[in-house]
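Right after this note come the structures.
You will see two complexes here that share chain A, one where it goes with chain B and one where it goes with chain C.
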Partner chain A sequence: MAFANLFFLFVFLPMSLLLYFVMPWVAKNAMLLALSLLFFSWGKPAYLPLMLLLILFHYLSGLEMEALKARGSKRRARMVLITAVVFDVLLLCFFKYAAGFVGGKALPSPLGVSFFTFSLLSFLFDVYREKAPAPHNIIDFGLFATFFPKVSMGPIVRYADMAPQFKRHRFTWEKFGRGSRKFIVGLSKKVLLANTLGDTFYALSALPPKGLSACGAWLCALSYSLMLYFDFSGYSDMAIGLAEMFGFRFEKNFNYPYLSGSVSEFWRRWHMSLGAWFKEYVYFPLGGSRQGTLHTCINLMAVWLLTGIWHGTGACFVLWGIYYGVLIILEKMVLSKAFAKLPGFVGHLFTLLCVVVGWVFFFSPSPGSAFTLLGHMFGAGGFIDATARYYWASSWRLMLIGALACLPVWSQLGRNLMASGKKWFPLSLVAYGALLILCIAGMTNDTYSTFLYAQF
Partner chain B sequence: MEQPKRARKRSERDQRWGEHGEITGLFLLACLLIGVLWNLFTPDKETSSAENRKLAQKPDFGLTALTDGSYFSSWESYTADQFPGRDGWITLDYRASRLMGAKEAGGVYLCKDNYLMEPPATPNEEALGKNLQAINDFAARHGEVRMSMCVVPNAACVMKKKLPKNAPARDQRADIQSIAGALQGVQFLDVYDALSEHAQEKIFYRTDHHWTSLGAYYAFLGLAPGLGLENYVTDFDILPVSNSFEGTLSSRSGCHAVADVIELYVAKTDIQYYITVDSERKSTMYDREKLKDRDQYAVFLGGNSPRVDVTTTADTERNLLVFRDSYTNCFLQFLLPCFDHITLLDPRYYYGDADSVINQQGITDVLFLYNANTFLEDKVLMETLTPPQESAAVQE
Partner chain C sequence: MNTKVTLFEGGRIAAAALIVLLLFLLAGNSPKGDIPLEGLESAALPLLKEGEYQPGDGRMLRRFYGLNPADYEGVAFYYPSTNMGVEELLLIKLTDASQGEAVEQAIGARLAAQKESFDGYGVEQTDMLNNHAVVEVRGRYVLFTVSENDQKIRQAFLDQL
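Our next item is the complex of A and B:
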């Protein structure tokens, strides 16, 4: 089930809120777990037993690691950790990479397999490293694994961040209001911007790349860049907002990434929970940047190759990972010093260029078509043609609005309106209402859209 | 004392509401509640006349549906299809996207002069090849019968000038010409010129993918010599029967800017006819009841049906068989006075075999009459044209 759909908004969400409200405090987490399991198995109920087994397996592994550590047998705790981690990684690989070969027919993946396995891995590491105590309540732990706002597409909440909230999360109207606003903003990003930008992108990418002029190829790449941002950050906003409506707090997942002044900064602002995960559980354990230049480079390459493969196995994702590994190493060694001497906008432009080129690899079906499209972006197919004129004419307003929506001024404006008390406050309510109505119209007219990141 | 205290309290409360915005939470809750109640108290509809399709109904609970997941996904389509005010929401979305400069909506070109047009279809090459082969084989089996084919170009081809500027529409003329080139033993009748001469007139509906009676009339004048017709009727009573027709393209796009006029062309002649649709005999090819429905184009022949038989008093000793799509519903008006007997087969719904029709009805003329978008994507004509023993052999 996706969030941006009428069924979720007018059946699942109201039902969840009602059931959550009427439950006494002691049973609220259990209610949320039941709802989350329903959400998870929606459409693919065959995976419900798998999820239940996973919850039980990790719950027991956590308890065992804690007990072994308490008895001082660190080596055996390590064995438990390794066993569980290998199991998770194999499971992820099975569904993501090997599924295509089993019986010649692709097995449908469980909802959010890339995201929830990473969450479970963080749990294993955090308990092993004693960053958080092992859960003693299997309901709380089940909720961590499957909480429906985050199960399908993240944020990849780390166990140490969520564990303290099980007992202490409290529903307040203040949080509910803040969550609602985030949810409406996220829904608008997805329905009003990502879906409509998608019309342009999908129309252009369906054309043979050889037929595109520079203007058409750039529109293709730029519309994808904006669409992906609004699609994924919109989803994250909705997830964080929903969690907050139920009293939980997740860290933000996007922080205006397209305003970054360097590529490394971009990755600290884009899909922050994945970046933080790789840093915490791969980069630092490998030694980070403390063991000399060569070692740092190797570590960075390892992290970026894994990041690429996490998104998919195609040659394009591998290339995309290597591309960022190389860029970030280059930036660390050479570019950052050079940019420091140049005016600030150079770094921003350079970053945007790198990111857009990166997305071309990301969305292209094969490296060949990616290079063809890049060639056409830089003039291999002429400057402009009728097709490009047509699509620019129909989408320039949307592209402009999209570009403006990447700026932080709007949320600042919204916050100021909120804080202005009675005077301007009704205006913000009208704005949220209008967004919601437009979203409903968009969802009614578009029954088949899915989230892009759901495929990873 | 009382007054300032209350005032202070109120301003504190204002500030609190303002800062924390609990109100937005209550606002969302209220919206959800309204939505839920509105959904609950809106009775379910069987079909959408605006979209011309069946709507999803409340899913049946069952063990298989539950385990394979279809129970869950049907709930989603059920909610979406039965969402109250669906047409209004779609129109709102159309308005918003138009404001943003969209040149298409719901896969429909938003053209000049309030025209809505389907983009020219991309041929289904494999099925097209098989269909053409089946047509040629059919013609070879029935050498004594006069075989003609006409693929009518769609609005986006004939009225190219009305398309949005620079629209990347496929060249449908080339597709039609390649069909013409592939035919053997079948004469191809090109109506492009006959229609494009009148591209400024209302030869297609603005809100529907069909041609108007006027368009069919011009096409008929262009086709008649090729069909070997002599002394055919060119004088018609033109009867406007509706000025409120909003066709399928209107509902697909959500654009309801204009409504179309439907005109009937009734031949000025003494020739009488009766018509059999689904073994029901009628004295007219028009079904005025359908003007009350959304899809008023069904006034012609009452909509699509597998087989239609017409018997007339024309006394021309010619019997016509037409393989056709819905463009023929309207075109039949012009064929009526020209043949003793006319059989229309719509291969999308007709499962019998065509060879026996030729023998039973003493067919002298065969016409394949399709609009280009339907024919280029058609996957069923070859099955109707294949003799039953052969198709049985193929199945074995």
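Our next item is the complex of A and C:
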């Protein structure tokens, strides 16, 4: 079940909110868990027992680690951590990289396997490192593992961040209003921008890369860059907004990444929960940047290779990971000093160039087609042709709207309108209502629309 | 304290063992009427010619076949990576077996359009479309492929059912 879906919008969400409100406080988390399990097993009910067993396995692992630490058996607690982490990683690899093959038959992946596995791993690490106590209520823990706003595509919420909210989260109309606005903004990003930009991207990517001129190839790469941003950040906004409607608070997952002045900054602003996860649970434990230049480079490459592989094992994802590893190492060692002496816009342009080139590896079906497209972006197929003229003429307005929508000015404007009191408040309500109606119209017209990150 | 740890450890190991057992059960006992589309896809995809195809999405499916993916339980679709390519794979898990006829017609129309596109100048492509295209509808499962390995793909598809 996707958020940008009429069934979710008109049946699942209103029913969930209604059931949540009518439940007494003590049963609210249990109700949310039941709804989350329903969401998780929607379309794939066979995985419900698997999720229940995973909850039990991690819940007991957490309690065992805590009990062992309390009696001073740190070594045994460490063994519990290692075995549980290995189990999770093997399970992830089984579904993601071995295509779920058992006994000659294949199993499809459960919903959001990459995302919920990383959440469960964060739980194991956080309990072992005593950043959060082991859960003593399996319902709360089950809710952490399966909470429906985040289970399918994140954000990857860390256990230490969510655990304190189980007892404290409270519904308020203010939170509900804020969450609804975030949800509508996210839905608009997905339905009105990402899906429309997709028309340009899919039309151009269906053409042979060798037949594209530089202008056509750039339009293809730029439209994908905008589409992916609005698709994934739109989903994240919806997830964060939904959580807020139920009284939970998730950190933002995107922070205007295309305004970054360096590649490192871009990755601090893009899919922030994944970046933070790798930093906290891989980069720092490996030693981070404390053990000299060589070790820092090795650690960065390891993190970026893993980030690439997390998205998939295809050669393009591995190349994409290596590309960012090399870029970030170069930036740390050489480029940051050079850019510091140049005007600020140089860093911004360089970052945009690197990111758009990176997305070419991300969306290309093979390294060969990625390099062909890159070659054509830099002139191998001439500067402009009739195809590029046609597509630029038909989509430049959309590209401009997309580029403008990447700026923070709109959300600031929305916040100012909401905060401006009686005078502008009705106008902002009309604006959000109009956006919602436009989205519903878009969804009615376009009944099938998956999220790009759902495949990871 | 020791009893607690033993209980947690036993429960944890039992849960892990049950998860492994469950995976085997899910795979081994999946009824023939409910084969996951991903399994069919994993069996057929390696038989397509490397670099000749790319994954398609709902929009491309609508564009090429006039089919709406939301109408079906699952769709896996790969289309030629170049304008001169014909390598293609379409797997559909129907919501209801009665949809098979309409899907078969849509595939027929796509095949006819491709033949028309290459007629007169794309000798190899026309040969592929005439001699290496397979359409198979079995219960709720539909296969369409154009590939040099068309018969192997067909066999892989049938083996999974």
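Before moving on, here are some points about what is shown:
Simple rule for what comes next: the second predicted complex is superposed on the first by the 448 of 456 C-alpha atoms of A that agree within 3 Å, B and C clash if a C-alpha of one lies under 4 Å from a C-alpha of the other, contacts with A are read in each partner's own complex, and residues count from 1 in each chain.
Just so we're on the same page, contacts are C-beta pairs under 8 Å (C-beta built on N, C-alpha and C of every residue); 3 or more make two chains touch, one makes a residue touch a chain.
What you are looking at is a predicted structure, and each value in this text was computed from that prediction instead of being measured.
In this overlay on chain A, chain B clashes with chain C. Measured by the number of chain A residues touched, the leading partner among chain B and chain C is B.
In the superposed model, A:Leu398 makes contact with chain B only, not with chain C. Legend: residue contacts after superposition of the two complexes on their common chain; A:Ala46 is shown touching both chain B and chain C. Legend: residue contacts after superposition of the two complexes on their common chain; A:Leu9 is shown touching chain B, with no touch to chain C.
Of the two partner chains placed around the shared chain by superposition, chain C is the only one that A:Gly368 touches, whereas chain B remains out of contact. In the superposed model, A:Thr387 makes contact with chain B only, not with chain C. Residues 46, 199, 207, 447 of chain A are contacted both by chain B in one complex and by chain C in the other.
On the side of chain B, the complex with chain A involves touching residues 14-15, 17-29, 31-33, 35-36, 39, 66-69, 72-73, 75-77, 79-80, 83, 86, 89-90, 92-94, 96-97, 100-104, 106, 164-168, 254. For chain C in complex with chain A, the touching residues are 1, 4-5, 8-9, 11-12, 15-16, 18-19, 22-24, 26-28, 30, 36-39, 42-43, 50-51, 53-55, 57-60, 63, 68-70, 79, 81-85, 160.
Chain contact summary for the complex, chain A toward chain B: residues 1, 5-7, 9-11, 13-14, 17, 42-46, 173-174, 176-181, 183-184, 192, 196, 199, 207, 245, 386-387, 389-390, 393-398, 401, 418-422, 425, 428-429, 432-433, 436-438, 440-447. Residues of chain A that touch chain C in their complex: 46, 49-50, 53-54, 56-57, 60-61, 63-64, 67-68, 70-71, 80, 84, 87, 91, 94, 99-103, 105-109, 198-199, 202, 205-211, 365-366, 368-369, 447-450.
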